[in-house]
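Each structure below appears as structure tokens.
Okay, so subunit A shows up in both of these, paired with subunit B first and subunit C after.
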Partner chain A sequence: MFTKKRILQFCTAALIFLLADFWMYSTLSSDFRAYEAERNFNEIELFAKTVPDERTAQDFAQWVPTVKDIIPGARALYLAFDEQNFNFIAESGSETARALFQAYNSTPDFQKAMESVYYLEPMKLGSTYQADYSLDPDTISADTIRSQVYFVPVVDETGYQVSGAAMILVPTSTATGYSNLLKTLFIAAAVVFLGILLVLTFTRDPLTGFMVLGLFGIVIVFIAYPLIEAIRLSFMKDGVFSLQTWKESLSPTYLVALWGSLRLGVLTATISTLVGFIFAFLIERTRFKQKKLMTTMATMPVISPPFSLSLSIILLFGNNGLISKQLLHLDTSIYGLGGLTLVQVIGMFPIAFMTISGVLRQIDSTVEDASLDLSATRWQTFKEITLPLSVPGILSAWLLVFTNSLADFANPLLLSGDYRVLSTEAYMLVTGRSNLGAGSALSFILLMPTLTAFLVQRNWVAKKSYVTVTGKPSTTLTELTNKPVRITMETFSWIFLGFIASLYLTIVAGCFVVNWGIDYSFTLANWGEALARGWTSIRDTVTLAAIATPIAGLLAMLAAMLIVRKNFPGKRILEMLIMTPYAIPGTLIGISYILAFNRQPLLLVGTGAIIVINYIIRELPVGLENGITALHQIDPAIEESAADLGADVPTVFRTIVLPLIRPAFLSSMSYTFVRSMTAVSAIIFLISARWNHLTVLIFNFSENLRFGLASVLSTILIVIVLSVWALMQIVVRDDKLTQKTISTR
Partner chain B sequence: MTNIDRAAELGIEPPKSWADLLKPEYKGYIRMANPNSSGTAYNTLTTILDVFGTEDKMIEYMKKLDKNIDQYTKSGSAPGKSVATGEIPVAIGYAHDQVKLKAAGSPIVITAPSEGTGYELASMSLIKGGPDTVNAKKLYDWILSSPKAQKTFTEWYVVLVAEGAAKHPDALSIDEIKTVNQDMVWDGDKVNKTRLLDRWTNEIGNKR
Partner chain C sequence: MEKKSVSVTLEHVTKRFKDVKGKSDVIAVNDSHFVIEPGELVTLLGPSGCGKTTTLRMIAGFELPTEGKIYIGNEEVTMLPPNKRDTATMFQSYGLFPHMTVFDNVAYGLKLRKIPHEDIVKRVNETLALVGLSDYGDRAPSKLSGGQQQRVALARSLIVTPSVLLLDEPLSNLDALLREQMRVEIRKIQKELGITAVYVTHDRVEAMSLSDRVVVMKDGFIRQIGSPIDIYENPNSRFVAGFVGKAAFFPVRVKKQEANLWTCQLGEKEVVVERATTDVEVGTEAVLMARPESLRVTEKGKGKIEGKVRMNVYLGNSMEAFINTSFGEVLVQIDDPHAKKVFEEGEEVSIDFTPDRVRLLNENEA
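Right after this comes the complex of A and B.
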């Protein structure tokens, strides 16, 4: 690949392009600087002409500050011409300018300028000077900024003699801003061109090379860059390197929140794993009758919108709840650790259920059969065989739920009360105190346990395969429980599911109630008001999610195909980078996006594009996993024969791969749509006046106790999500692939 | 504001002054917003500061008040709504939010503290160099001069400060309430606000 001839070709072409690139940049840059200097000159001369007719000291003092109106941010100092000594004396004006003048008065540059002014020629000094703007009382930013210095003559009444001069300081921030932009753009152009050249010269299959390059580009710009920016900015305060933000974030007050998050996570994970195990065991190891129904109902909470469970818990058990207040007249509060755990367990036990269920299915029942044959009791078999074999599944489930609970943002937002968790603390710091640095620092602190759990689950537990491979697939299912135990488990499961169903019914009921807690009369007014106020949000959310879905699906499949079928340098890094958003809490992604994309050339904050990009980036990991799994099941020979017959990579992708992985593709697309519609933790930072998101609107209504409106919007969201999901279930009948990954918001 | 039905159930009287709020009988019955996320609550802090004079006395008061607080909500108008539904008996908030709830039929009574209370000044701003300055200026003119516009504002129960402006019959009148002397510029200064909020957060908010 790296032959001498090609290297020579590459270097020559690169050199020519770089020279041209640099020449264009310097021409544009110096031309702009010259234009700007000339414009400044014109304005300053205009300014000099506005000198008041009465040349009293008071008039000068009033006139000098008006330079700000002509050139924003400028400062002026009036120098009177001393005829005896042939020099200029600082009279009145900006203290900043005066300090600078007194410091540099005797330097040759200044002397030359004053001489020039004597001869009625304005002059701009060649070099820029550091001026301390804090000396002036009316400055907005008290910084020391590099400034350009201009001298203009002030002529007397005759118009021919100099009576004084004005020294004007113009901070160079705006000018350097533009030339920084130019520099960035030209460097980016150079990088892009060199990348394309590299691919064209050195790879045998340039199309693949471009796709890889494209993927790397997307991943670096939209995943790596925001995170690096977030880290960098957490080490800055007011523009300089400082550990202040981190010191504040690691203070005991926030460590309390960290501890709160961890405690909640452990509680939720443990209880969810227990509940999930019971459900999984019931489905996989007993002669339970309504398995399909139970499985379907048990996976509902995963796709339901984020605030719906919290909302109905408040409606039923809140301080003015239907059950707690009206029926039972209790006085305890559901807000805090108890309520949060309850809601999180309901929302996340399906993850545990799915994981453990998958593991139990892979354990061959014949082993248990053998144990029972050897006259072990059912309990002994369970304790010595089933349980140990399912340990990796249990651990996996625990870690997955733990991660999810830590990153959970929606439920604590409504239900935490006084109980503090890190995810909402970061949100309050960013939205309430505009302290982005502290918010991102806290999110990084949250990242530590999340990332650790994720890595442990992925690289250690998942690799421990306790699958029994006997060579003979067994279709028997050993009944490991006797009737009473099974009935108990069944009852428990049905009660649990019934409770969940009643929660959803409460939301629907809440739509038709005038004022939950006060007035339970039937009304349809909520629907009218909610639709009137929420219609644009519904429309925008569905639009953005619909745009993101196909893009995410295609990108994920493309990436999966490249990673599974092709070999290229950096493959593992690409895979790791794409999977990164899976392990990162949504709040961190949201905050890092605001930090990274709020200036040129990538000014995306406040647009719909940033929301769509966020959706795509969050869904890529899941889509990639699905794609890799699906592709592993397809024999590469089919694709190879297509290639032999002359198809290039896109054609192979379009005609062979896509149709074969259609089930996985469709299911991951529908998951993308569902999860985009119900996203909240990253989205809450990215919405703007133009683009509001349905889930955020539901939150606003809930927080303002307009439960009727919140219920209506929640119902609409549930209906949309359920219909998409049901549609997918009908279209795709492959069970294995549809039940694949359930993951975080 | 106080929900009279709920207060009667609990056997408490509606508070009438800032000092009343500190009484032990209100323990766990008062809700206000978190000053970090709500301007309403921050205004409460600065009002207390103006009533008592020094920052230390303000923090002292807030610490004592904290014992009676049930929870700090994120939004400024949420405590009022909780009182309207009877979830909690007493809330601290802006009068115009509360008058709206009263007009909607909630059994509440609104009291201005006897020592004096603060206020917010809602205003319009014209942004220099905005996309449509001429129409913005026309809007300004219309709001300030049209009687219809003025009447629309009164329907939000705010008190219009222009001379001769209309007033909603249910809204509180600024003449009838004792107000403290607020220095809006000082209150809004970033340095002061950060200091006050940090003090409140470190000594009260994070200690719950």
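Right after this comes the complex of A and C.
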């Protein structure tokens, strides 16, 4: 593969291209600089012609600042000609220019320029000078900027004699925008060319090479680069390296928020795990009717839109809540740790439930039978056998919920009250004080515990599982509970689910009430207004999610195929990078995106594209995992047969891989759609006047106490999400049936 | 289907795999160098893990040789991906497309070649007829028996008229009877079409009965290449001798060589041997190899090796006598046992052989 000849070939071609690329770049940029200088010169001469007819000092003082209207950012200083001493004296105008003039007027360059001005010749100085623009009241930057210096003569009334001169500073940075763009383009061209060359020289299957390269490009630009940019900016203050931001972020004010996040996380994780365990145990280890119903109901909150549970809690228990105020006349507030824990537990216990029941399901219940056979009591068996065996599942569940709780953004935004958590704190910093650096620093602090929990879960707990897959799930199930215990657990579960159901019903009720908390009479007016004001948001949200869905699905499956079936350098890194957004809080992604994509050549802030890209990047990990699991179950000989018969990689993907992993593909797509429809933590940073998101609109309405409108939009969102979800469940279930009948030999 | 025959050449091909942990390398194929003639069927035979599959996969293009070159015909294909090679592989697990019918499976290769629909239908039906599956076009592969699936795989490979057919233990999932039928069928079709074929197996009977030539491999090395008769009768090492058939080995000392007659010391006796590998030298230790059917049991003292019958196993057309000797247990095959004197179990006997039916092998070869 890496033979000497090929390396030589590669190096030669690369060298030739790089030289050509560099040559083209330098010609173009010097052409551009020359053009720029020429243009400025013309403009400056134009400016010189606007010299006022009245030539008092005051007129000049009014005249010189107008240079800005001709060349943005330029500064001018009027120099009067002193006939006695035969030299120019700074009179009025920009302080920046004055300082520069004082510093340099005796240099040969300036002398020469003034001489030529005396002979009525305008002049541009050969070199550029550092000028400190902060001296002027209308500062353009706190930094000193390299500037071009021009001198133009101002003639007296006769028109033949010099009476003074204007010295004009033009910051070179007005041109750097363009030349930066030029530079980026040429660097990009070089990178792309080298990549293509690399693939063409060193692989025997260029198509695969290009796909791998493309994936790398995507993850580097849209995952690695924003994060690096966020890290970089958190270490910068006013354009220079500084630890200021981090010092601030680690100050007691924000440590309180960190402590708040952690406390909330621990509480939510512990309670959710407990509740999840009860549900999982009921479903997997006892016998009762309506297991299916219970499972479905208990998994629902996972796909419930953000704000909906909080909204409903506020409607019931808020300051003007139906239960707290109208029924019980209480004066306690739901805002704060208590309310937050409540909504988070409701929203996140399904994660614990699903994780633990996955583990319980795989514990062969014959192990329990054996223990009972050895005359252990049921309680002993549970304590000594079942519980220890499910410990990895319980730990996993706890860590997963903990991660989710810390990253949660929507609920604290509505419900935290005076209680402070990091995710919303970062949001306030960014939106309230436009302090992006501090926002990203806070998100990084938030990342520490979530990432730790995620990695511990992944690499330690998940591997420690004692579960022995016997392959034969035992059909008989020995109940470990006696009847009273089971009935108690069952009753608890139904009440819990009933409470959740009533929360959703509250939202529906909220749609038809004039003014919740004050006037409970029936109305349909909310619908009209909500639809009128929210229609574009609904349309945009659905459109953007619908665009992101197939792209994310296809990309995930393609990446899965490449990672499972192909060998290429950097495979681990690619997989890790794709998985990264799974472990980091949405807030951080959102902030890093506005930091990274707010300038050329990747000026995406404000477009719909940045939202779509964000959806895709955030949902790729789950799709990738689905795809990888699915592919591992497919005999590689099937794909190899297709390749052998003449199919190239894209054809194999299209005709063989995709149809075979269709269930994974479809469920990843539905997952992406639902998650995109209900996204908020990253999206809230990325929406713009043009592209709004339904969830953000719901938040705005709730914050402004327009609960009726918020309820209507929440209901609409829930209906959309539920129907897509249900549809996909049906399709995938059918698919699995057909799959089973045709695949297994 | 038209005949087209090309050769396949492996030129000093070596394949190293990175170990799972990336520490040391596994050498799966070590400096393989041989030519498969046009229209020839060559089997790769050897114990598990000797690199047969890897060799085949390199010819198909699924693996890239670490060193060396591969030619199909006169064209070098070392770097060509599988879809650009004119080879067709039959996998041990068949690799049928589970989401397509039998017809679509077979038609897949033709569709990729953008052949008009009517032609595809015609050729698929022809090919299905060839493998005896005319009525099964609409079935899903999973609704077929193992043998039928195997034939679908064969049809799918044959329909694209590959220059080279590669078969990786294609019959190992079938029962004994079906295996024999399919073996005959594959050989028949291969000969009819004149396709060059490489057949991987670890079953020596399959290798012997099927191939023009056999390549015997061990630990990535090619140990011997030859016709079935050749490797059976004239193995060049103790390993090959033992792998391709039953054999007894006796340690001897080579005393002298006259023309092609070698005189050796076997225990107390001096024996003469007519055949030997080229690396046997006078004055060294060597191994005398004898096939069971080349040995005879005679009365005590009349043969070359003394022993005692431990057990007789009657097989109908022949009998196997297990005889304990000072060199260990020796198997003697007695053909047409009824025509001969049979020695009882426990009887003291002697084993005899003629100089032209045994072979001297170099002692140092494993």
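What we mean here is this: the second predicted complex is superposed on the first by the 699 of 745 C-alpha atoms of A that agree within 3 Å, B and C clash if a C-alpha of one lies under 4 Å from a C-alpha of the other, contacts with A are read in each partner's own complex, and residues count from 1 in each chain.
Everything that follows uses one rule, which is that a residue touches a chain if its C-beta (ideal position, glycine included) is under 8 Å from a C-beta of that chain, and two chains touch if they have at least 3 such contacts.
The structure displayed is predicted, hence computed values, not measured ones.
Trainee: One more residue to check, A:Ser668. First (subunit B), second (subunit C), both or neither?
Mentor: Neither partner.
Trainee: Does subunit B (first) or subunit C (second) touch A:Thr651, or do both, or does neither?
Mentor: A:Thr651: touches subunit C, not subunit B.
Trainee: Touching A:Ser357, do we find subunit B (first), subunit C (second), both, or neither?
Mentor: Touch status of A:Ser357: no partner.
Trainee: Touch test for A:Ser249: subunit B only (first), subunit C only (second), both, or neither?
Mentor: In the superposed model, A:Ser249 contacts neither subunit B nor subunit C.
Trainee: State whether A:Ala643 touches subunit B only (first), subunit C only (second), both chains, or neither.
Mentor: second
Trainee: Kindly classify A:Thr201 by the partners it touches after superposition: subunit B alone (first), subunit C alone (second), both, or neither?
Mentor: Touch partners of A:Thr201: none, neither subunit B nor subunit C.
Trainee: Applying the touch criterion given at the start, work out whether A:Asp635 contacts subunit B, subunit C, both or neither, answering first, second, both or neither.
Mentor: It touches subunit C, and subunit B stays clear.
Trainee: Using the touch rule from the top, collect the residues of subunit C that touch subunit A in their complex.
Mentor: Result: residues 60-62, 64, 79-83, 87-89, 91-99, 108-109, 112-113, 140-142, 149, 153, 156-157, 160 of subunit C touch subunit A.
Trainee: In their shared complex, at which residues does subunit B touch subunit A?
Mentor: On the subunit B side, the touching residues are 34, 36-38, 71-75, 77-78, 81-82, 84-88, 106, 197, 201-202, 206-208.
Trainee: In the complex formed with subunit B, which residues of subunit A make contact?
Mentor: Those in contact with subunit B are residues 253-254, 256, 318-320, 335, 413, 417-418, 420, 428-429, 431-433, 515-518, 703-705.
Trainee: Would you tell me which residues of subunit A are touching subunit C in their complex?
Mentor: 1, 204-205, 635, 637-648, 651, 655-656, 659-660, 741-745
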